[in-house]
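Chain IDs A, B and C follow the sequence of writing; residue 1 opens each chain.
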Amino acid sequence: MAAAVAPRLPALDQVPRVDEVGVEERVARFCSRSIKKESKVQGLKLALSMIDLTTLEGQDTRGKVTQLCQKAIHLRDSLPGLPHVAAVCVYPTMVGVARRALAGHGIRVASVATAFPSGMAPLSVKLEETRMAVQEGADEVDMVISRGAFLEGNFQYVFDEIVAIKEACGPAHLKVILETGELGTLDRVRRASALAMHAGADFIKTSTGKVQPAATLPVTLVMLQAIRDHYHATGRRIGMKPAGGIAKAKLALHYLVMLRETLGQDWLTPDLFRFGASSLANDILMQIEKQLTGAYQSPDYFSRD
Amino acid sequence: MAIPEPKLRFDTDWTYAPAPESADHARIDPQYGLFIGGEFVAPRARGYFETINPASEKALARVARADARDVDRAVVAARRAYERAWSKLRPAERGKYLYRIARMLQERAREFAVIESLDGGKPIRESRDVDVPLAAAHFFYYAGWADKLEYAFPGRRAAPLGVAGQIIPWNFPLLMAAWKIAPALACGNTVVLKPAETTPLTALKLAELMRDADLPPGVVNVVTGAGDTGAALVEHGGVDKIAFTGSTEIGRLIMRRLAGTGRHYTLELGGKAANIVFADAAIDQAVEGIVNGIFFNQGHVCCAGSRLLVQESVAAEVIAKLKERMETLIVGDPLDKNTDIGAINSAAQLEKIRSYLKIGQAEGGEMYQSSCPLPGAGYWCRPTLFTGVAQSNRVVQEEIFGPVLAIQTFRSFEEALDKANNTPYGLSGGVWTDKGAKIFRMTRAIRAGVVWANTFNKFDPSSPFGGYKESGVGREGGLHGLAAYLELR
Amino acid sequence: MARRKSPAKSGAGATRAGARLPVAKTYKLYIDGKFPRSESGRYYALARGDGGVIANVCRASRKDFRDAVVAARNAQAGWSRASAYLRGQILYRAAEMLEGRAAQFAAELMLQGSAKRQAEAEVTAAVDRLVYYAGWADKYQQVFSTVNPVATSHFNFSVLEPTGVVAIIAPEKSGLLGLVSNVAPAVAGGNTCVALASRSLPLSAVSFAEVLHASDFPAGVINVLTGFREELVEPFASHMDVNAIVCADLDARGARRVQELAADNIKRVVLRGGTNWSSAAAQGPYAIGDTQETKTTWHPIGA
């Protein structure tokens, strides 16, 4: 297995080129899939189970985080058979709060780290923050790459940083945020994806949610294709997390269609696919309710935390 | 060249439920006469034939079979309409009729899409997203030319030819009708249209629509039937111009028949396009382009990218990705919105495709088909690849007109180009590379009328389409397409 | 033995003692930049009105035609890639050469029966026609090309490209101007060609080949045959490596036969019967367009 080998920066000029228009055409095909009836309910439940319910605000308090965790636990108790969300995603200082609130519910705690969202801090600070988050009980760490270094062409720096953070994570899973909205082109997204995966990312993630554009279908497709190539080359299944801007159930289904037709069965699981989102859960719940009752729903009937 | 291990699995737990487009509001009459002089009339002698749904093998309607005398009636009606109405109309008014037709087609788009898929077997996604919108766009585009022809051909005065006889194929029944009728009418001609035997319905619905649009009687006439009906149209001395889309074999016959008559013709014939993928291409988009190039419309496309030429250093990767991608293609009910590949158009065409599958294997090619399930009734063919084939093989040389791709590898630019042009055809070609200079060198050197670089099978009313060499004479679409229906003085 | 008259010195035989015997010209074919006799060894005698023989003209065979097509095909790639500017310059060079030999050409035309004024007018018209098409060589593309505003995110443009090898049946009654009027638009547009000269007026065609030879036209771009239409029209029309056939003035039966045979490889057939070659209407960019193909190229617009 490749895991035993020390990570090495891949030859980024060997990474396949990406044609933007072709990607958009492919995405349009995914969006034209018609997902109805039982397949819609099944898809919506799957999407629900993949959500990293997120709050990443300067104004986050213990109270706010605790309430969000309650939402994660009690998505809609009146609807039997719902899955729970995959994780709650918070700042490192809130990891302990979330850990306690979620104890015993099988919901993971994810923490952003590495001077999120900008990543503009020395490596030592990033390492310290990462270790702290893990010590506090984070199951997963969402780090940001150093986009400035990447855009300067200092790929080795970006790579080494990920390797170091991965080591600092210990048993925690590492999600690497590329902040694709700052990379500018799909070619760079593809290269950054390859770099992150080779450096040891367990997941690659589009965005912090603080930069526009955040997750888009074209960007996610390019990352999924990078994951596929990495899988064929190494046998390692890397996860994917689009984050930011995914608020509607219909859009989530488009993502799942894309996931299904790009990576297939093995990735249709929260272990390998997540949505970084806050309001998506309620929209999905509304759609599931509509499928069950036949009536279009009002947000007033769905709890907001 | 196997799929790299480990394989991806597309037999997913989560699948798409059937999502059939409703056919309720698509009105198909039990029987259609010939559309002559603005009304549907009974054929004189030869009765009716059934048009069937190739996805179910069930009859959809009975359609009149025109004989030479019926064709004559239609030509006479077209001539009368030309002399008394259409040529007397102010060009701007001609254009307004075409605009009206475009609009009505947009209004009834869903109905036309459903009938197109029922009658021809193509997936509703394509008839809905490609055929019908492009047909409407074609009328809209040429509508605007009607009163601007003096700007199209500097230094020349453009005059209509008279009566145009138009014979169209079964692969894009409505779209080809639009490609033929719109420029003909815009230029001031009248039309006798002969739809394909297996797909007459949307042309008849279009006739109905034109009647509803108050197009003067006889300006467009539709005579249905088989090859003999088309032959009668070609033979008819009252037809000033023949526009034909179909096989090179029939195109040759038409050219011979018209020899010495002084009558005009344009031909859009067969193809065996090379789709060239260089190692520096955007591979994933190239794979999509290959899929779109050969599996679009079940491969029933004259400009299909039916020969894949892939550079050796990436051949294994491209073929593996292609096979993976093929696993996600859904073959089945044309009316299902998720169907990627519909029904083969007819039993005869399926037979032809199957014979080529046998030929390809007998020639030593390695055949690969995706594993998708196929429906019971109807005519179906799984997406198919041949590897290990060469220029000398028939599956590389001959137009199969089905979802069958012949794959060859190449080492150098020159080898790719030589193979690409080593064909009597010259309709289309494709080239995939990230290098701009190479694109221009290759697109210039490919001897074909349409070259797609880093894309494939794109169409637009403003974009001229037509072949070099045995792929045809003349262009359809765009400004250049006007020349097919004008005499320049 | 046929009595032979030098076309350059019409009627001047060396009958008187001490007089100089004119050196008569041997009229040969022009294939691949060379002047061979017909491989068949055949000839036909070009007769004067009084029954005297003007010249023994090569009667090209099907094989000569085949050789000429091979030459034209070999020259095709290079000529079609030559810059439009260069094609124009070479055509202009041909005009210069022809102008310089105007007297010779006029004399040749007169020898074949033209009146002096008519002959001189034909030569100057031929020069002017070459100049005319020299000018078009780098302009017709701009007139006929388009950028097409497609609805998708693609850059889409259509340009003209030469159709390839063009076979030309030159006009019977316009030995020089008629030939020039059909050859010039074909080669201005990057085609290479094989032209069959007028049977009754072949001399200027062969002499024109000498002009071409001196004008920097690469070997094989223009090939000129003399001979009989009735035996060459069919091979012209049926040759599978010829892309287009231009018939300047064929009778109805001939035109029909050409069209029937052209169908074998879907040749483009251009019929120019009834043209008055000395009129301004006999020239124009549309004559170039007759042997052009429209190529449309698509490319995505993206990053």
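What to note about this one:
Definition applied: a residue touches a chain if its C-beta (ideal position, glycine included) is under 8 Å from a C-beta of that chain, and two chains touch if they have at least 3 such contacts.
These numbers come from a predicted model, not from an experiment.
Relative to the whole-protein C-alpha centroid, the nearest chain centroid is that of B. If you compare A-B with B-C, the chain pair joined by more contacting C-beta pairs is B-C. Averaged Cα coordinates give chain A a centre that lies 71 Å from the centre of chain C. The distance from the centre of chain A to the centre of chain B, each centre being the mean of the chain's C-alpha atoms, comes to 44 Å. If you average the CA atoms of chain B and of chain C, the two centres end up 39 Å from each other. Residues of chain C in contact with at least two other chains: 152, 154, 300.
With touch defined as above, residues shared between interfaces to two or more other chains in chain B number as follows: 454-455.
Residue positions 19, 21-22 of chain A are each in touch with at least two other chains. The touching residues of chain C, when paired with chain B in their complex, are 143, 146, 148-152, 154, 156, 158, 161, 163-164, 243, 252-253, 255-260, 262-266, 268, 284-286, 293-300. Put simply, chain B touches chain C in their complex at residues 137, 153-156, 248, 251-253, 255-256, 258-260, 267, 269, 424, 439, 443-444, 447-455, 458, 460, 462-466, 468-473, 475, 478-480, 488. Chain B contributes residues 4, 6, 8-17, 19, 125, 129, 280-285, 288-289, 320, 328, 337-338, 434, 454-455 to its touches with chain A in the complex.
Residues 16-19, 21-23, 25-26, 32-40, 42-43, 46, 225, 228, 231-233, 235, 256, 260-261, 263-266, 268 of chain A are the ones touching chain B in the complex. Partner chain C is touched in their complex by these residues of chain A: 19-22, 24, 184-187.
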